[in-house]
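What follows is chain A paired twice: with chain B in the first complex and chain C in the second.
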Partner chain A sequence: MTALVEPRAAPLLRPARPSQAWLLPTMLLLPSLAWITFFFLAPLILMCWRSLASEGFSLETYSVLFTSPLFTKVMITTVKTAGIATVFALLLAYPLAYVLTISGGKMRALILVFVLIPYWVDIIVRSFSWLILLGDNGMVNKALMGLGIIGMPLQLLYNPFSVLLAMVQILLPLTTVTLFGAMLRIDRTLITAAKIHGASGWQAFRTVFFPLSLPGVYGAGLLVFVLALGFYVTPALLGSPRETMIAQTIMVEASQLLDWPQASAAGAVLLIITTSIAALYNRYFSLDRLWGGSDN
Partner chain B sequence: MSTIAGRLGLGAAVLAVLVYLIFPVIVVVAISFSSGNFLVFPPPGFSLRWYESIAGDPEWVSALWVTLKVGSLSALIAVLLGVPAAFALVRHVIPAKALLNALILCALVTPPIVTALSTYLFFVPLGLVNTVVGLACAHAVSGMPFVVINTSASLRSADVNLERAAVIHGAHPLWAVLRITLPIISPGIVIGAIFAFVHSAHELLVATFVLGGVGKPVAVKIWSGVQATSDPTIAAASAILIGLAIFTFASAAATQSLAKRRTA
Partner chain C sequence: MTELAAAAMANGAQLRLRQLTKAFGATKAVDQISLDVPAGAFVSLLGPSGSGKTTTLNLIAGFLTPDSGDILLDEHSIADVPPHKRNIGMVFQSYSLFPHMTVGENVGFPLRMRTRLSRQDARRRIDEMLALVQLSHLGDRYPRQLSGGQQQRVAMARALVSHPRLLLMDEPLGALDKKLREQMQIEIKRIHRNVGTTVIYVTHDQTEALTMSDLVVVMHQARVAQVGTPRALYEAPANLFVADFLGDSNLLTATIAQVRGDELAVEIGSGERIHATRSAAAASQGSDAVVLIRPEDISVTATGERTDGRDVLAGTIRDISYHGDTFKLDVAVGADVLKVRVARERGAGMERGDRVFLTWRSSAVRLLPAGDRPGDAGNQGEP
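Showing the complex of A and B:
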């Protein structure tokens, strides 16, 4: 949502005395903030507390985490996978968002439907679909063998490739919508001006539109990266143990090993990382531009 | 000439990306209508047997009910809390607005596994584990941002002068909000509620921790099925979720066009 430049109209429900101006907005906000505090913030604080105080107060869980070669490896895999998925999602979403920006009316609506339908389909389902397509008897292997390109089915599943293929597909709709929102805010008359002064279409894009779109690209990148860090279903279904991401480790520690302090510590580490990145994003781009937050 | 080549290249790239986006959805829907016993695409023939097997399986039916109950209750809570919050954020000058906004939205960027683990630890002593109400309360937190965002957008474009006119003509300010503004912004509220419902229906990890034992919702049941079995029942269950998503999407679009017609 853009910061509207037009002067703000005075609130209608005018308080009887100006000294009570804070009363109404407080009453309107109080229920939601209380709910978030009780059902979201309090549990998070409790989790951080549990990570510190298993038997008395100690940082033991954290020293276990940071000296564990497995945790280090999982963290590296997580950051690497999320990073690569983010880059590919941006590369694929950019042309899509650009076409959405320059096309109008029916074309734009049609593309948006195609972008949004997968967004409304469960992540489990979308990951599961690749399991069917990439298996030994899956369509991809059958087609390649039918064409005589390969003699034996390729091992397409349970590797970084299958995880990334599904992750990028899952992240694409949000990346596209976020980029599209940013591109809509670019003043298109600047491109027209460049063309009037003799720039070709490509030159105008490269020297005017593209640089102006970069802040949007960085913003979308940060956001998508944060979401990718927390992926659970896709690596669990389409990856091998080598592609294990941090969310899976937390899940195993909690639900199988029942090691709540250790799981809480890993959760706290992930929480601190994602919150820092989200705070950085919010500082420059503001979170409320997302998730159906249309500008008009 | 080069612009034509460029346009063709761009068009081809966009088409390829769209196919990549939509293809997994087509695969699952197609397989759900398969007549075969195995998960193969393209399916060998058409049948409704996997839908029948879901309809005839009390476990799947109860899972669908649980999802409906949790989704509606959490969407309702999200609306009751989110709409007043949107009014405050759009219409009032309040200190630290950016911070409050971020607080309402931050549930969406918190990794689901962190939310799930912390909610579970918090719910155990409260006795909210294994309850539909408990899961709905937790899902309401992540549903609220959708309501706040969409309601705020509607509220910004709604004409305050209509409400003013009602007040000038003697209506109580609260009555003016309820009778004039609320109907105008209702499409935004409905879309937000639909987003919140779909979010709840898809959410896996909090649902696993809170309702993972008995009376699990569809998402949890699909997830355990996906890991274990290899017959198209899962595809049919998934397709029902897709159908639900497309239905809600279409009704959201219909509400929006209806609202446009009303204001036009």
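Showing the complex of A and C:
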């Protein structure tokens, strides 16, 4: 049957010959591929190359890095700060995302606007506004002193508290939106099914909604943690030298000490950490979920 | 099986709907519906989409609150009881199994929520249920590892495990292919006989409703069009909508020419007179009516001989189509076109344009009240 029909249909349908099949996709991808190659991949490779081949080919820069107590300390501070900021961002974003999920139409649009407005404000502006709020003559201290609760301004700035406060605030919109996306994909009839089979609202949440939202929580956590690892402006503006994070160290090494190989090595280490976190996540939860792929 | 036997003896609950009404904005989804469902009965809500059957089911489940009216379960009003305290089982169209739980955990869910059974007792109940739906070997699998039919069985087991006295089923076989659907129909009936729970079964598939149910509730435009046994609905439809919605039908507009007791003579479009039996419809001479003749009640003869108790009309075959077991004919009789079904040997010799005689028992012709012409809702519920 097919053998009879095909010869006649072929010229009409003009199926892409195997040699042409790749042509169109390639042409469509070319502009973005070129962009990524020149402005992303090439600098990255250059950076890695520099860290290895400053004077001949050696791992010198890396051994300097890992034996330096300063680098180790900065790395620990970075991971710790990013981790704590991620946990707090998740804790604050989860209820917000849940309310977004269960509310409808206008209410949802309104909340989303309030979530996203700070997201559109520049990160430097947001960090800077905390200076105004938390400084010795800032609004918080002035208010507390005005009310007679304290006699001396509290030291609210240049400590882990101020850095974390600002980081969580900056990360919150992205966390909320990512969680919201994940929660939207949970089939709501499952909650209905839980309720008709004896679960109260709280039980249905605990036994069905919450477990099903966990992959979304991990996904959002990963995204936010990786972002938080690279924070520069916020700890620089609001932290003391004790809160120095890895991005600041790289910056100092590159722009003040002009030690490019060393800066490159630190950058490469940060890159390896973030990619391995993403790979690890992908291994267990599949990255597809983050951009709306299927669960199965 | 002792517990199952006990459940079967305990029977299902009696359900009464009293003037139930629910509107969404300006549209009434359910309009003054009253219904008595006997304990242990298998009752189908049948109707085209938008007829209010799913809304009715959601009101009984408690997912929606009625605007007015009452729902009585064993004579107790449950209109204000939240869904999780109604002790109702439910099977959803998409099954809605919990994807993060194994089959066993899914089935055990209502027990965890509703009872304080020990782990062992719960385990025994779950095993019993899985045996009932013939899935004992799959307790440790996850829902996504099962076929559609198997997921359907798990959904049944979960809905029945806590021995609810009422089971709601929302188009449960809609997602399955025809073969599997027929198999599951038999399966569901077997399980129903076993557990004796009252079942409310929503479907838009008339075959499903007719073959499975003790009672069928035909719904049309947010109201109940007719309630009855499958046979009563098919053989004695109360109105045009039910006559048209269930099965194939010939509906001819007619004028009542003569009334003699229960015997009526009506004049159809072609001017011919045919006989009919009186139904619930009031009939007075000269008034308009519609007569229903089912295609399978009509037989085709070559000679126009008249016999006692039968009517004969002459016509021309307008169209003929082959359906495997039968041929379907469209026969023009005057201005009307009648649908006729003939056996395959008989139809093989027929051709378009042939002159034929149609004959039927006069008792097979039913008189229906005119007005409320079908076509507004028609057969849009057909899959």
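In this section, the second predicted complex is superposed on the first by the 260 of 296 C-alpha atoms of A that agree within 3 Å, B and C clash if a C-alpha of one lies under 4 Å from a C-alpha of the other, contacts with A are read in each partner's own complex, and residues count from 1 in each chain.
Convention: contacts are C-beta pairs under 8 Å (C-beta built on N, C-alpha and C of every residue); 3 or more make two chains touch, one makes a residue touch a chain.
Source: prediction; values computed, not measured.
Look at A:70: by the touch rule set out above, it reaches neither chain B nor chain C.
Look at A:208: by the touch rule set out above, it reaches chain C but stays clear of chain B. Of the two partner chains placed by the overlay, only chain C lies in contact with A:190; chain B stays clear of it.
Once the two complexes are laid over each other on the shared chain, residue contacts for A:200 go to chain B and to chain C alike. Note on chain A: of its two partners chain C and chain B, the one contacting more of its residues is B.
200, 295-296 are the residues of chain A that lie in the contact sets of both chain B and chain C, per the superposition on chain A. Against chain A, the residues of chain B that register as touching in their complex are 2-3, 6, 10-11, 13-14, 17-18, 20-25, 27-28, 31, 39-42, 77, 80-82, 84-85, 87-89, 91-94, 98, 100-115, 117-123, 137-138, 140-141, 144-146, 148-150, 152-153, 156-157, 160, 163-164, 167, 173-174, 176-177, 191-192, 195, 198, 201-202, 204-205, 208-209, 219, 222-223, 226-227, 234-235, 238, 241-242, 245-246, 248-249.
Residues 187, 189-190, 192-200, 203-204, 207-208, 211-212, 295-296 of chain A touch chain C in their complex. Chain C makes touch with chain A in their complex at residues 61-63, 82-84, 86-90, 92, 94, 96-100, 109-110, 112-114, 144, 158-159, 162, 168. Taken together, the chain A residues at the contact with chain B in this complex read 1, 4, 8-9, 11-14, 22, 24-25, 27-29, 31-33, 35-36, 39-40, 42-44, 46-47, 50, 92-93, 95-96, 98-99, 111, 114-118, 120-126, 128-133, 135, 137-139, 166, 169, 172-173, 200-202, 223, 226-227, 229-230, 232-233, 237, 246-247, 250-251, 254-255, 260, 263-264, 267, 270-271, 274-275, 278-279, 281-282, 286-288, 290-296.
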